[in-house]
Each structure stands twice: as structure tokens, then as C-alpha cells.
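In what follows, structures are represented as C-alpha cells.
What follows is chain A paired twice: with chain B in the first complex and chain C in the second.
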Partner chain A sequence: MTVTELPPFVRADGPDKVSGSGRYTADLTLTGMLHAAFRYPDVAHGRITRIDTSAAEAMPGVLAVMTDADVPDVHYTWAVADRTLFARDIVRFEGEVIAAVAAISPEIAKAAAAAIEVDIEPLPVVNDIEEALAEGAPLVHEDWASHTADDGIIRDGNLAIYSALQRGDADAAMASAATVVSSRYVADASHAAPIEPRAIVAQWEGEKVTIWTSTQVPYDARDGVCETLQLPASQVRIIVPHLGGGFGGKCGFHFEAHIAALARKAKRPVKLVFSRWEEFVAPDRRREGMIVELTTGLDADGRIVARKGWVGIDNGAYMADCAFFPQLAAMHVAGPYNIDHLSIDAKLAYTNHQPSGSVRAPTAPQGCWALESHTDELAAAAGLSPVEFRRRNLVDTGTTGPMGQTFDEIGALRVLEAAHAAAEGSGPLAENEALGLAVGWWPSFAVPAGAYAKMHGDGSVQLITGAQECGTGAVMTLRYLAAEELGIDVEKIQLVYQDTGAAPFGPGATGSQTLLNHGRAVETATRDIAEQLRELAAEQLEAAPGDIVLADGVASVAGTPTASIAIDELAGIAAGGNLLISSGTADVPEYPTLEGSHCVGDQGMAAWLAPQFSCHVAKVRVDRDTGVTRVLDVFAAHDNGTILNPIGAHGQVEGGILMGVGQALTEGTQYGDDGTQLNAGLLEYKLQTIADAPNIHTTFIEIPTANAGPKGSKGLAEAPNVATAAAIANGIAQVVGAHVTQLPMTAERVWDTANGTADQNGASA
Partner chain B sequence: MSELVNLEVNGTTYPVQIALDRNLSGVLRDEVGLTGTKEGCDDCECGACMVLLDGQPINSCSYLAAQAQGRSITTVEGLAEGDELHPLQRNILATGGVQCGFCTPGMLMSAQALLDRNPDPTDEEIRIGLSGNLCRCTGYARILAAVQATAVELNSTSSS
Partner chain C sequence: MSMQIATSLDEVLAALAAGARPIAGGTDLVVGHRQGKAPLPESLVAIDRVPELAEIADGDPLRIGATVTHARLMTDQVVVDRLTAIADAAALVGSPSTRNVGTLGGNVMNGSPAMDTGAPLVVLGAEAELASADGIRTVGLDDLWTGPGRTSATAGELCTALVIPARPASSGSAYVRLEYRRAMEIAVVGAAASVTLDGDAVASVRVALTAVAPTIIEIDGLEGLTGRAIDDDLLAAVAEAASEQASPISDLRASDRYRRHTIGVMARRAVDAAARRAAGESISVPVNRALGIGAAA
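Let's look at the complex of A and B:
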């Protein structure tokens, strides 16, 4: 379908966004508002020997300066509480906040932050995953045994979290294999890079603070403020104005507490707006660098008999939300394949880099890139085409995945065939062009969520949801679900959202779960009002409530359409008596069971609810003289269950694929020997432009999925970001005759691979 | 040093007292009070701050406000005619070219400038015309479609 052939989708926030009237956090100004600036270290690792804020405090226009001494003594973060709001004694990465200033202008705030005198004695920098895990490596956290941590976390040197997937007997099965292939792939870290840099405004009234912030997760932000400033949840209200994208980069609790603390000290509202450099180095949500080593054994028919693997993941300096990354990464390098004998070790290592965290499909694009490059190597070793090799090995309906999960109806093989057929039908290839194919998978995340609904006396509806719109349109789609339950026009439904003071809990725009979870909550809440309307209509029409049909704004008796009453009229009647109000929380679907497998350091990521499958085929053209790759077309087929909003769904696939093109070719963070980022700017870290964008051809294989989201839907926003880089890699390998073993596959790396001069560290063993 | 500067924005003249080193995007947002123009980088890298200066697209983050005196500035707030959305605004919503919307104002201004100088652009010309505007959400296909649709619409109204 072309873009204009899809059924219309009217974004409730659309007119605000195209007219310029919509407010994002940085657009807000409050009377008496001050401006914040942070002081960062100039080094990635060092001991603070002196901080002197007196010169900054004496500057005219400066109203507050804060350091660690000014906030409660609290260590925070999930899994391992290794972090404080302000650096204490040691700085562990270049973007760590040492001090914060509030002043009457941004310029004065910046000058004052620079005037804070900080003496730092440099410490050896842990700049690499394998270096971090080596015997005798300098420690990022000397004292981390003293921090509280979840049960089962082994604190061993710089090893933050260890997980291992085990099934069958991989060693014995490998010994029996007809063919064995080993590979090593290394992916650089990268960034979410939303176009809106983060912004925060905090204002106190008495004991209560309201914080407007560009977060994807308002409730996490609230809980972080409560934990670190020791406030009850009832005193902290988080409001998110329009959010200018996130992609995971704005998940987690970031700087809300710093700004709230400054505002309390200065007794004035305070605003923070990040520069692009800060957006690159300071948030604890960078896409993790990763090393993947895989060995796979095949039988004589090209079927996988065993896989062994090792994954090293760069956690950065502090624990953000990476605790589940080792297990998730291990699942991605195991892949959606039938493998009876599996053994994969995955290690998350502390380094002196910016902390890693959930960026769109964490661990998946890199894991899939490594696995699917390896898979094409396996196909070649077996003498099979890439598509035939996958036909023989992919999981599908009724088969059992690598960790022993038996699948209900899934579309793994169907997406493979659909994308392959679309690409093959696209015409002949020119010289130096190739079609690269890759398959990816991604779980759906079920969590509790709530919604309130109320129908006013005029028949209009307010839907109060804890869901967070980050641009995908998922929250906007909730109106359509409500309109269908109530039988009224979608235009009558107004959303109240992104306000922890008004809405029930929601997990935020994270894990592609907005429609999956909030959709069920909204259906439950509005179904309750629909029931109330049916009862009212039954009284009016002298019929049984079960016979009342709500559609097109009218309640009518089934089979007797003339016996009817307008829903608006019913709402008017209710307004004089029992009000039409309701609430709903979604029952959380049960996770599938696993058989015959075993996880060390289990973080619950090996049983996948409503798994999503995708196959991308990239048509690439490689310039052999320069190594520059162009992606001309991407043919994508996706199983994301029932599609609730076709325009939104296509938009997610297109945006995810383009992000994947960037990850494939240009987006990689480079570190200097001192552990600082060398390309923390949009000129040096190149996002794809409209001139670079391939034509994207998307097919949805719609399989209504039980035990998932509304109407059999699954998650969607992350899945399109999984397989693109891998597909491009396999295209490049066909043109240049070998796999590029480092991500991104920059022109230089492609050229080196084509000419046999590639860096051995990333090269296939 | 601050000075009184008269800025003509969307047909209205705003006298603003500003330091001479201030950039146009900041002055539009903080002094004139029009926050539709966004700032994504402050360094000519993203295009979120695109406005028209005498019809030419410029990155207003990297342009001195005082230099815009005596010239006509158009921001996203000046695109619609009263309550009626401009065809570009209408079409970018209809095609699904808006997700988070943070790039949208700048994208619309670049598209407007392109259609003003080239009412019937090819796909390639649209791609070049909008290549200074980064969008992280959409993959651009629906933005491209919105500009194509607008060109068709404007050409059919002007020839009828």
C-alpha cells in the first residue's frame, strides 16, 4: 500500500504539532523562573580532591549552587544501587554531574558552573569490555559490595551481571556436527538521539513539587524524585508536555531530582534545557557496545545441532536498567531457531563510559546483526541459500524455541517468505548490488496499567490514562478503542494523559507496550461505561440490557432498530443521577512456560510473551572504490499480531528501519583513549537524512494473537529496529565477499573488509 | 550591550530589547513569544529551528536576531491562514508524517521554501530540499508523500 491508501488516522495532538501551538517542555516559562546548568568532570575516571563553589556562589544572578553535600544521602537505581545524584568522591564517566547551578539567565548559569573549582586526580580508565573483564583490571566501583543489590547478583570485579542460557548438551552435540562455524562480531555503542534535547522545569508550592519533564516514563521519574529527595509520591507531580521523541533515550529517571532540589533551594521555579553535547554524554540511556562470539554446529542437511556463544556487553559506569540485558542479548544471539543444544554466556561489564540503558529494542539490533551475519556464514558453509537455510531452521507454529518455549500460532516462516518474495520480485540487480536478508524477533512486555473514563452530560468522553505518547501515535490510538466500545464518534473522546497527578499508574512509553497494556485498560474502563449505558437504555426502551447495541452514537434494541435512543441523551439522563464514571486495570497476560532449559542469573527474559517476528531484505549498493554503502530499498514483513492503526504501524516500521540503516552504516560512538566520546555531535555522529532514506515496502502478516494485546495485537515500536542492520550486513557481504565484523559498517570498515585489511579484533575467527 | 530591534514576524512588527549577540531562534521563542520554532542542536545540524527570512530558509539558531531587522520573518505560526491549516500542514497530518512533531515546524518551513521556488519538484528535488532537516521518528516516507501531495494540490488549484 502507498502512504495515501491507508485508512485515515486523526492524531488528536496533530493540529498542535503542525501549527506550532503545541508546547514541549523547553517551550514553558514560569514567572520568576531560573535557569540551570550542570558542572561535569573533564575526565572519565578520577578522584575528586576538592570542590570549591564560593566563586560561583558570589556571582551576581546566581541563586543556588548544589553538590552532593546538599541532597539526602541516597544510593539509587534498579538492581544495584550504585549511584548518587551528584558525584561523591569519584567520577566514573565524563557526563557525571558534580554540581548544579541555578541563575537568572542560562548564560550566567553556565558561567557559574564553569567557575566552580574542581580538582580531580585522574584514575586509570576502563575503556573496553574485554579489558574490564580481564584479571587485575582497574575497578570502576571499588566499593560496590557495599551497595544494596537484588538477590543473586554476583559482585565480581567489573562484572555487573552474568547470565547463561543452557539447554541440552552443547559440547556433545557440537562434537557430532558435520560442519562447525565460528564467528566474532563487535558492535560500537550508539545513541537514541531524539531530536528534542531533554528539558525539565520544576516548581514548588509549599511541600509539593510539580515537574514538567521530557520523559518517556513519568512514573519512573516520579519514583526517582521520591527516592532520592525522600518525598512521598503524593507530593510529587510529573507532567509531560508534548514529548519530542525518545526511542528509549528518555526512559528511566534522569535529572528531575536535580532540578527539583535546585528549585527548592533557590525558592524559584528552575528550568534545564540540555545542549546537544549533553544529550550525547550525560543521560544513562546509551545503546550498549557489544561483543558476540558464536560457534554453531550443523548436521549434513544444514540443520543446527548445537550453538555455543559468549556475549560481552558494555554497561558503562553505573547501572541504569541493564540488569536484564545479558539474558536478552543471549536470546538474540540464540535467535528464533530450532536449537536443542545451547550454551550461551553473557556478561555485563562496568566501564568508564556513559551508562547504557534501554534504547529501542535493547541488545537486539547488535545481537541480530551478529547472529544473522553468522547465519549467512552457516548457510554458505552448508551450501544453502540464505532463505533456504532459514526455512530449515526457523521456529514456527508448534515448534519449540531455543529455550524450550513451544509456540502457538506465529508468523516466523511467513514473514521470511513474504519479505523474500517481495524483494525477489523487485527486478534485476545492477553490478555491486545485492539483496541481504535477516530475520529478527522481539518479545511483548505485559505489565499492569490503569485507565479512568467518564462520560459527561453532553455525551463527550474523557479518557484519563497513565500512558505516555512519545510520538508513535499509540496513545492517540486509545481513543479509537474507546470509541468502538462506546459506539460513539472518536472525535467525542478527549485524552487526559502524561500527568501523574491525574491518571492511574502506567509504565510509560517503554517496551512497545502502550497499546498492549493501556489498550486493555482502556477497553476495560470503557466497557464498564458501555454496560452502564446499556442498562440506562434498557430502562428507557423497556428491553433487556443484553439486547442493547451501541453504535453510531445510538443505543438501539437488537433486531428492532426503531427502538432507539441517542447516547448523548442517555448521558444527559445519567448526569442527573448515577454519573457515568469508571476505571479499568488490565489483567496481565501469563508468560509462557519453558521446558528443558536452565538460566543462570535469570532475569525473566527467556520466556517470550506474544513474540514478534520480522524479516527485512535490504537492497544495497556498495561503491568498491570508497566502501560507501547505499541502501536503496528495504522489503519488510512483520508479524505483530493484529494491526490496530495501519498508518501508525507503517510509521513505526519505516522509522525503525531508518534508525537501523543509521546503526548499520554511520551511527557509532567513538571513544578516545581517555574514555571520552569523540563524536558527541550531530555532524560527527551522523543520523540518516531524507536524502539517505531507502524506499521501504512493508507487509504485515496479521495473526490475531491470544494472550496478548487488544484484538490480538502485539507490541510494535521496537521490532522494526531489530533486523535492518543485519540485512544490510548480509547484502554488503555478498558484494564484497566477506562479512564486515564491526558495527557500524562505515565506509572505511567496508573498504578494509573488501581489501583484506580489516581490524583483526573484529574479524571472524 | 542591548538594543531595541524591530522584528517583523508573520506580518506583525515586534519591538524587542535584546543583546546584539543573541540568536534569532532564542529571540523568537523567548522575546517574541513564538515557541513553534524548535531548537534541537544550536549548531546548524538538525534544522528544527528553520524559519524563512525574506522567503529563504535559514537555521535561526545560527543567525543573529539583530541582522533580521528590516526583513520579513516567517515561522510555523505564520503558515496557516487564520484557523485554516496550510495544505502542507493538512497533508503532513493526513499522510502520517507527524510522530513526535519536534522536527515538524522546521520541516514545514523547508518544504514551504522549496515549493515557493519550485512548485513542481521531483522526488529527488524534495529529498535535497529537505535534507537539512533531521527526523528521527518517521523514516521520512510520509513527509515526502505530504510534500508531493501538496505540490499536486497547489498546482491543481492554481491551474483551475
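Let's look at the complex of A and C:
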């Protein structure tokens, strides 16, 4: 069923971006502007015994040098306040900022940063999740107990956050199982790797600072500046020019306060542009490394009777936004399956690595990869095909999921059947080819968001939203929602966004919620204007407001189309009197209730609003002599509720899948024994290129979903990134006869798996 | 710094004698500078507008000018027909934009053991023509490459061309490499082969290896294969010799163990493709794509 109501449209920012006329943050130049450079430690863990900035300060062209001593004494971050803007006494990862310099050229700034004398006494490096959690491990934060933390957070030393899911009696049920399968999977950390390295420009005017920055979440950036520099919200304005991709890596607050503080000290505007190396090592948003151990018991019919699991997650050195990761990871390895007896422990561990954070569908691609590899092992143990095993065990409408949530109408089984059928119908497989199947899920996040709308005297409209365009194009859909409410042509509607000085609060481009939350706010705001137009038209046409219909640029009386007036004309009348302005906020939908489960360390992830389901089938070809794998086709079926813009929706799925291919095969951070990244660059950190892209065949199972986004829509940006690596894994396993237990499944790891020599490639035991 | 744009070879050689360094596509020099490997030289002479350096001359020997780009090598009919392994290699270099500016001479003189055009040039018997204000000499490639990033050329010498003996009848060549993605890649390992057939039997076979030693190396001891048919046994012997003679390292791209195995696979596939081309089969450039090397078809 297709329920699409809006006309398919091509996003409006394409020409600017393609022609080069679009301006990004790094393109900005202000009068008198200086350039910033950061000083980093050369080690992943050490005690700072001396910092001497005098040589740097004395260099011609240097106008400001800053360290921890120059900013307010504030520990910040989400959930656990474990961090300061500049390193204080201890450095805990290689990309930690020790000092910052502002100078008249980038070259001088860089030279001055290098001229700062820093003595660091090395400390033992915590380089591994299990090492971190082991008895007697060196502590990443010796003073962890003194950090303030949100209520409900369970932590202990290097155990940054602990969560557990409990349902039924897993031990007893496991003992009764006909078949029990245990697996262990290890995923390397990876990166968002947006094409635009981040950039920031800060300028003070009196007590107010304006910061242009490449953030996906302007209000988070503003709040971070306010918290760390102790400024009122009214004095900090965040503006985001065009953003060159984010993929989650640019969520939140990063270096805006450093640059604002530098600009204040130097009394000049200051600009920071990251190198690619910095973009790899410094931001506190990379995809977390993860270890997953699962044991699942089946009955004689191949139905899951119990699951026990353990998940270890690499938090890195500081808490970014990972507080909910253990709970989310536990849910992903529990999976969208009917399991009455469940026990999963999840531990987020401090290490001396770059902090982890919300990269597109955090914890999900790795969790799904581990779970769905394990699921294919279960199917084999049960003597069932992968698709039949999932038919018997998947959640669906009316069933109760692993967390005790009983689902309204969902498309879990329908996406399974749709992707499976599309793949099976695609023709015969050649030698060394196989179809690998995996199912994924992802929640929709409902949070407050606001919108303003105003109709000018000429009938054109401005929508002012806290939404942020990060490359997805989802914000463009807001115009269409407004056009429909107002009955006018979409070309008359302009978006104003990316400016906390103008727009109401919104969660920005994070958590697949641009349409879900900002869309509802825009609908509310423009509905208000529509109401005002009806009242105006009713006066002019001597009719009741309730009888006025707004369509095709005209307000007319229902049933009497000749009684009408152009909306432009109404706008002109209003301009001389009561202005057509309005605001709207999104009523936050109620989350579903849970029954029969227990969540230790609950961070609010237990119940999923408008859950999104996907099934990907990857057609892979493996070169058995080298292990090199090529993904030829991906057949994807998605339940993301109503699809409002098919062009944008297909683009999201295709991008998510290509990102998933990279995570599956080539993208993984390699760490040296000293805890530093060995492949922090685009030559050795291998993203997929367009030449590697598979053919992607997408089907949307459109189920208009109540209690979700506009017109029954759900989120969409993250879901396509969940199941791809898992599907590829299951394809590879069919060709080589065993599952690759490390992610990415590099050619060498595939070759080793095929030859039974995986223990020689450095795999964790 | 200064940069002179030369329009004749004499201008280039005079500039080199005065201490300038040559720049053609700049794909190694400029990228290396940006990555902090080496600062740009104080004085540069651009050689990309010197016409005689950009010529491909058919004949015996064949002559490929040093500034011929990879984009031209992969499509030039003389190269594709007779020096096919070079076309295979050029087609795999970097990305379309790299291939449009990167040159054969630059690839050769950069001296990287991972250079893609090096192994093909070795199996085709190429020599480098080096010119300086003092005159011209030709030097064999095994004498030219002295270590990773090092050559025996003097600072005043410019590589002006690669000179290749005319190909005998019933000859074919091929270059294959192990790659993890289909663009922006550097050889993990690679192998080039040149095969000349006498009927169904091998008249001569040469194999050279990429990225398994400090320089490109040629496999020794393949003379014993003369007179034999191209069959699984022969290919297995080639693979074994390649794996034995390689001295690979472990690094971010692969372990030595995996490189030692896959260099054998690449050598076997290169000889197979070269022999099929020698027998008249048309295998399009690059072999990596045509035959699905590394599952890449």
C-alpha cells in the first residue's frame, strides 16, 4: 500500500552544494580574523608535570594562548561530568586538547602550538574493553567517584555505566532447551568520517558571542558553551552554515567553547579548521568498539526459549553521550525476537581511547551484526533456513518484545518476506556467491521541538525551525508539510534554520527526528496561520470560518467555489492589521508501557516509540583465495511508517547501506599498543567509494503509524545503517563455511576464517 | 619558493642543473608535503608542458614519454595492444583525478615498492632514459631502484622516457593487484607477468612483484618453465616461487603471512591472464575488473 501524500521532490540545497556557491563554515572570513591550533599530547595516557607557554606567546603573530588555567573551573558533559575543556593534570586520550593558540595565520598557530613546552609522565594505557574491566586494571579516572552523575547511573571505576535487561528466568529456561548455541563477536571502533572536517568561527560583540560551527545540534552546542564558559543562553548565538555531512559525528558540543574563549582572550574573531587527522582523533563521537557474547537456547521446533548475553562497550576516555549505550546495545543483541526468558548484562568501559558517541544508529550495526550472525548459527543448529527461523521467532503486530512492549501494527514479518522475496527472485547465484539475510530495528525518538511561522504581506511564508540540515535533506520536507496546511505553493515557503538566535528550540539533526519532531511543530505552527487565514477569509466572504477551504492559493467557501479570495490578498489585508505570525510546539507522544521485564540502570531506552524494522539481504561474492568480498546487490525492505518523500527516503536507505558496506568490510580503527590510532587518515581508514557501491533495491512497507511523526511517519535516517553489515556477514559465512567473528570483516579476516586460521590474526581469544 | 614552467627539455635540464626539482602531476610531491612527509622543494620546474616528454612512439624500441598520464596509458591503443600490463596498472592508480594528472615518469621515479606501473615495466624489459645537462643515459630498472623511495638518478637527471623492446609475436602481459576497494587504493600486493608462447608452450615468462620487498622485484628461476604448457602445475609453480621469493612486511594493510600467500595468488593470476592474452584472447583492461580479481568484477 502506498499512502504517500506529498509530491516527490528534489531537495532545494542541491544546486548550491553541487555548483560550489554554498558556503561552509571554513569558507567564512571576518575582519581581523585569527586562526586557531590545538596542542595535543603525544601519548594516550599521562600525567602533565609542566606546561610552559612562554615561547609560544613570544612568537610574532601569536595573539592568545590558552590552557585549563584560562577558563572557568567546570566539569561538563552528559550524564557523568568527567571532563574539562582543557586537560587538567592528566591526559586520557591522544586527541585531548591541552592548549590552544590563536595567531594571524594557520601556519604560525600550528608552529606556536608545537612550541608550547609540555612534559608528560606516561601512565599505563587502558587499551581494551576487557582489560579495562578486569580486576586491578589501571583507572582511567582515578577520581571517578567525585564526578557528579545523573540519577540512576550505575558505575564503578572503569565501569562507566552498567545496564542489564532481565525478563523471566533465563537460567531455568536455558536448562530446558533442546539446543544451546554460544557465540562471541568483536567489533572494532569506527568513524563517522564526514567529508567536511569540522570548522568553527567565533566573534564577540560586547558580552555576546556569535559562533558559526559545523554542528548537527546547534542547541547542544549552545548549551555546552553556556555551561563551560558560564554564560547565559541569551549571550550565545550558534549559526550553522552549510554542513558537509555529519553521520552523528557532529552531534552535540565539541570545540565551540575553546574557540569562543580564544576569541575573547585575543579580542579578535578566531577560526578553527580541523585537519583530517584531527577529525579522526579529537572529536568525542566515534562508533564504539564492542564485544558481544550470546548464548541462546531453542526448543525442538527452533523457537527461542532463552537468551543470555554480555556486551562490553568501549566508551573511550570521557563520557560524551554514551549513557544510554549499554541499554541500547543490550536491546539490540536481545533483538526483535519473541524471548520470554532473557538476561543481558551490558557494560560501558572507560579506556584511553577517543571518546565514543552517537554515530548513526549507535550500538546497532555492531549489535545487529553480532546478533544476526548468531541467529544464522541458531538457524543452522535448528536445521532451519535463515528466513524460516526468523519467521518462527520475529516479533510482529500484537506480540510482546524482549522488553515487555506489546507492539501495535508493525511490519517486522512483512519486511522479512519482502526482502527475502526480492532477493530470491533476482536470479541464480554464481560460484562463491551467496545471499545473506539480516533483520534490524531502531526506535523513533520523540522530544520537544518548536517552530515559528510567518506569512508576509505578499503571501510568502517563512518557517523558522530549530531543525538542522546535516546532509539528509529531511528539513526540506518541512516546507511541504506547511504548504499543505496553508494551501499554497511550496515555492512560496522558505526555511530559516541553523540559528539559535532566531529559531525556537529543537533537537537538531540527531536521532532520526527532523521530520518526527520538527515536522509536528511545523504542522502545529502553520495550522495556526491557516486558522487565522480562514477567519480573515470568513470576514471577507461573509461565511463561517469552519467552511473556508484553503487550497491552490485560494480561500474559498466549501460548496460555493465562486465565493473565494486569493490567499495572497488575505496576506496583504493582514499586513495592515493583525499580522500572520504563529508558533507551534510538538506534543511529545506517549511512550508504550512495559510489562514483565526489568531494566537495571534504565536510561529511558526500554520502550520504543514507533519502532522501525528493516530486513536487508546482501548478495556477496567472495574471492576464496584472498578473502576479498564484494557486495553485488542489497535487497532492502523497510517499515519506516508513511514515506513522505520517496526520493529522500530512497537516498537515505542507499546512503545507509553504503555506509554499512564500509563498516562490514573495510572500516575499522586500528590501535597501537600505546593506545593511539594507527590509521587516522583516509588512506588507511578505508571508506567505500562510489565504485564499490552495490545495486540497491529498496521496498518500503508503509504502515501509517499512530502516535509518531506527521502523517504516520517514523524516523528513517539511522535505520538503513543497522542490518547491512549483518546481512553481508551471513552471506560471507555461507560461502566460506564459518562466521567471521571480527568486524570489519577484512579480506585477511575472511581468508583466515575460510582457512581455519583466524586465531593467527590477532583475534581476541 | 619558486616554480618555473618549462616548455622545452633544455629549459628543464638547465633548471635541474641549477638545483630545481621537477614536478609533473604533483600527486606524490604535493600530497606528501600536505601529509608532512617532506616539505616542497624551494625551487620547482614544471615539466608537464614539454611536448617531447609526452609522446608515445611505436617502433623498436617502443618509447613512452615520462609525462604521459595514467589516463592516457590505460586507453592508448599502442599501450593497450602491446604493453597491456602497463594499461592494467595505470587503470588502477588512484582515482580518475589522480590518473588525469599523475604520470608514468613520476610513478617510476618516486621509487615506491607499491607503485603499480613498476612491475609491468620490469616484465616488459623496460629501461629508463635519464637526461641531464651532461647528456643522456639509459639505465635498467633494477639498477634504477635502490630502495623504498630511492633511485640511482642524480639530482641533475630527469627521467625523460621509458624505453621498451618491441614485443615478439604471441606475447601477452598482465598486471593484477590485491585491493580492498575499487578506487583510491594502494596495492596490498601486486604482480605483473609477460608471457610469450610457442604454440601451446611457454617460450618465455617473466613475473615481477609489487609491495613485497624494498623495491619491485622480479622472480628468479622461471627459465625452467620454458617449453611447458600453461596448466595448473605451471601456475602453481609460479605461485610458489612468488611466495618464496617475496619478503613482505606486516603493516596496517596486511600481515606478512597474508601477503606471502596472496602474492602467489596474484602471480598465478597474472601469468594466466598474460598467457591467455598471448594466445589471442581479448581480456579488457584492467584485468582486475575483467576477471573479477579479488571478487571485483
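FYI, the second predicted complex is superposed on the first by the 748 of 765 C-alpha atoms of A that agree within 3 Å, B and C clash if a C-alpha of one lies under 4 Å from a C-alpha of the other, contacts with A are read in each partner's own complex, and residues count from 1 in each chain.
As a convention for this text, a residue touches a chain if its C-beta (ideal position, glycine included) is under 8 Å from a C-beta of that chain, and two chains touch if they have at least 3 such contacts.
Fair warning: this is a prediction, and the values are worked out from it, not measured in the lab.
J.: Which holds for A:A691: it touches chain B only (first), chain C only (second), both, or neither?
T.: Both chain B and chain C are touched by A:A691.
J.: Which partner does A:N393 contact after superposing on A: first (chain B), second (chain C), both, neither?
T.: neither
J.: Would you mind checking which one, chain B or chain C, touches more residues on chain A?
T.: After superposition, B is the partner touching more of chain A.
J.: Just checking: does A:S19 make contact with chain B only, chain C only, both, or neither of them? Give me first, second, both or neither.
T.: Once the two structures are laid over each other on A, A:S19 reaches chain B alone.
J.: Let me test your reading of the model: by the given contact rule, A:T472 touches which partner, first (chain B), second (chain C), both or neither?
T.: first
J.: Contacts for A:Q670 in the overlay, against chain B (first) and chain C (second): which applies, first, second, both or neither?
T.: So A:Q670 only meets chain C here.
J.: With both complexes overlaid on chain A, does A:Q498 touch chain B (first), chain C (second), both or neither?
T.: A:Q498 sits against neither chain B nor chain C.
J.: In the superposed arrangement, does A:D27 touch chain B (first), chain C (second), both or neither?
T.: In the superposition, A:D27 touches chain B alone.
J.: Could you look at A:F9 and tell me whether it touches chain B, chain C, both or neither (first, second, both, neither)?
T.: first
J.: Based on the superposed arrangement, let me know which partner A:G651 touches: chain B (first), chain C (second), both, or neither?
T.: So A:G651 only meets chain B here.
J.: Do chain B and chain C touch any of the same residues on chain A, and if so, which?
T.: 681-683, 687, 689-691
J.: What residues of chain C sit close enough to touch chain A in their complex?
T.: 35, 95, 178-186, 252-255, 257-258, 261-262, 265, 292-297
J.: Considering only the defined contacts, which chain A positions touch chain C in the complex?
T.: That would be residues 432, 621-623, 625-626, 628-630, 665-666, 670, 678-679, 681-684, 686-692, 746-748, 751-752, 760-761 of chain A.
J.: Would you mind writing out the residues of chain B in touch with chain A in their complex?
T.: Those in contact with chain A are residues 29-30, 34-43, 45-46, 48, 75-77, 79-80, 85, 89, 92-96, 98-105, 108, 126-128, 130-145, 149.
J.: Over in the complex, which chain A residues touch chain B? Could you list them?
T.: 2-4, 6, 8-11, 13-24, 26-27, 29, 193-197, 242-247, 273, 275-276, 470-473, 647-648, 650-651, 653-659, 681-683, 687, 689-691, 693, 695-696
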